[in-house]
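So, here come the structures, one by one.
Look for chain A in each of the two complexes below; its partner is chain B in the first and chain C in the second.
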Partner chain A sequence: MHSFARWILVLIGLTLALSASAAKDPNEDAIKARRAVMTLQSWYAGPLFQMAKGAMEYDAEMAGIYAAHLNTMANVEGGAMWPEGTDNGAYAGKTRALPELWTTWPEAGKKAEALSEAAAALAEVAGDGLDALRSKIGAVGKACKGCHDDFRAEKM
Partner chain B sequence: MHSFARWILVLIGLTLALSASAAKDPNEDAIKARRAVMTLQSWYAGPLFQMAKGAMEYDAEMAGIYAAHLNTMANVEGGAMWPEGTDNGAYAGKTRALPELWTTWPEAGKKAEALSEAAAALAEVAGDGLDALRSKIGAVGKACKGCHDDFRAEKM
Partner chain C sequence: MEGYRREAVWDPVTRLWHWLLAASVITGWVLGEFRTFSIMQWHIYLGYLTGALLLFRYAWGWAGPAPVRHRTLLASLHDMPAYVRQVGRRRPSGVAGHNPIGALSVIAMVLALTAQVVTGLFSEDDALFFSGPLASEVSSDTVVTMTAYHHLFAKVVLGLVAFHVAAILFYLVWKRENLVTPMLNGRKWVRDRTVNSE
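Then we have the complex of A and B:
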């Protein structure tokens, strides 16, 4: 088959595959995407906090990999995931994001930067030993909590 | 406050913050994490496919950024997100992953590698023009579809 025709077929297949999972309202896709980012931040941060508090044995290789991925997930392009109007009023039950996230902007953006910086600093040392991990993970926890305290509702 | 005491307080706060969202069954966290990866792959791939098929105007900067992030999301550490026994039988309604994903392993791993390679090749050229984007995006679509066809149930 001509390669262009084959490409079109692949594209049709992919469009069908994507549209099956895409929400009708693009804002819902954005909400789903930002929640996915936070799910993965939590996924990679989890074992690091477990190691830091001694609930999981420190593993230098795992700590390095997970901190690197936490750093990645703290730096993904996420601007388009936070369209105006997608707060927990208009999208009750789908997001915990408070209206203040938008009305006090760029405060929330500063919180995101704090996480990026803390995650980058942690990624640099997480594989160097438990003390090194502990020396930098507090700032990550503070960054998570700082944003959640101000911009996330208690319950969905 | 002594910095260690402060660190402990941060840790307690973070533990509470994380545990509020963590599922009781660790396998459910793993399922949630892998679905988050695919949500983000779809998020970043979406505009690229839209551009490729002419449904969205080609934007070199956006194409470059989105392809880079798609590449990132095609290469995150995901092994621990697919524990044995987390198929759509045991976890009906929570995952579409078919048991074959595990029983025919490493076939699904090869599919993941195909996506990594296709996404890396796309990321190299996506910002160089629409023709360049089109020349490499078909392989990404094929990689997505290849894995879904074999290892994903039609419906949740």
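Then we have the complex of A and C:
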């Protein structure tokens, strides 16, 4: 092939590759969204756990509000945040979600259901005193752990 | 037993230390593996206890009696090839302390447990909202890495303990040498090198 023609082809190839990588990948937005949901779940759950542990003084009003928000965050419609093919193999460095989350579906859905139930039970009583908070917080931790154990990689 | 003498080998402090460590590690391991919100604090306490016992062991390796000294353990590693060649023979080893494989096993367990305690200090469980006392001192990336290693070393510790128990059974059944009793009463059948037992 003529060397000039070869250079043109290389240039075309590079342009295509660059424009492909620059294109917005909707899956990345989905990954960001679900991580944001979990960040907020953690944000609202954190003080509740600290109160239950005795590491933070129990505050009935704050406990009630935070548990209500945790309950909201545990029930946001998140199905579209988990498109197929967005596991930690395809999106290394962006997600810790293991492929098993999709291959063993609906197991992960049941885990989400468990969190939803635990958060609802906690929200009902979190403002009623430390003992009430403590009686329901363990189930929330168990629900978080259940999903992390099975469907989250140790590292990014 | 001809060619063997019963000698005081394991001192009382070492024996007490051994069983405390066994209890602390097994309990800590079980509570970690089956952790829940209400028992997680106990896993952390047992980590502190294990850490304290390990620190003691490092000091005891300098100050303790000959069979438990670091120097003795390291020196016995030199006899490894000779010991390994004859370990399958069906007679008690009669070593007055750790045999070379045992010494290596002790070193491996102490180092693995040390790694386990140190990584635990920087680990977190972000489902149960518990973290080691030093996790807040380092970056969240470091915490994730430390936590991953903490989970990995838990498997290593389990493997080493399983090997330890399997070795005890091998000595008991195959070599007809009870190594548990000496760790209880301190007295061990030792080969009398003044008598030619070969």
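The criterion applied here is as follows: the second predicted complex is superposed on the first by the 133 of 156 C-alpha atoms of A that agree within 3 Å, B and C clash if a C-alpha of one lies under 4 Å from a C-alpha of the other, contacts with A are read in each partner's own complex, and residues count from 1 in each chain.
Assume a residue touches a chain if its C-beta (ideal position, glycine included) is under 8 Å from a C-beta of that chain, and two chains touch if they have at least 3 such contacts.
Small disclaimer: the values here were computed from a predicted structure and weren't measured.
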item: Which of chain B and chain C A:M156 touches, first, second, both or neither; value: second
item: If touched residues of chain A are counted for chain B and for chain C, the larger one; value: B
item: Which superposed partner A:F49 touches (first chain B, second chain C, both, neither); value: both
item: Which superposed partner A:W82 touches (first chain B, second chain C, both, neither); value: neither
item: First (chain B), second (chain C), both or neither touched by A:K32; value: first
item: Contacts of A:K145 with chain B and chain C, given as first, second, both or neither; value: both
item: Set of chain A residues, in rising order, touched by both chain B and chain C; value: 42, 45-46, 49, 52-53, 137-138, 141-142, 144-145, 148
item: Residues on chain A engaged by chain C in the complex (per definition of touch); value: 42, 45-46, 49-50, 52-53, 137-138, 141-142, 144-145, 148, 154-156
item: Of all residues in chain C, those that touch chain A in their complex; value: 35-38, 41, 125-130, 144-145, 147-148, 151-152
item: List of chain B residues in touch with chain A within their complex; value: 6-7, 10-11, 13-15, 17-18, 21-22, 29, 32-33, 35-37, 39-40, 42-46, 49, 52-53, 65-66, 69, 72-73, 76-77, 81, 134, 137-138, 140-142, 144-145, 148
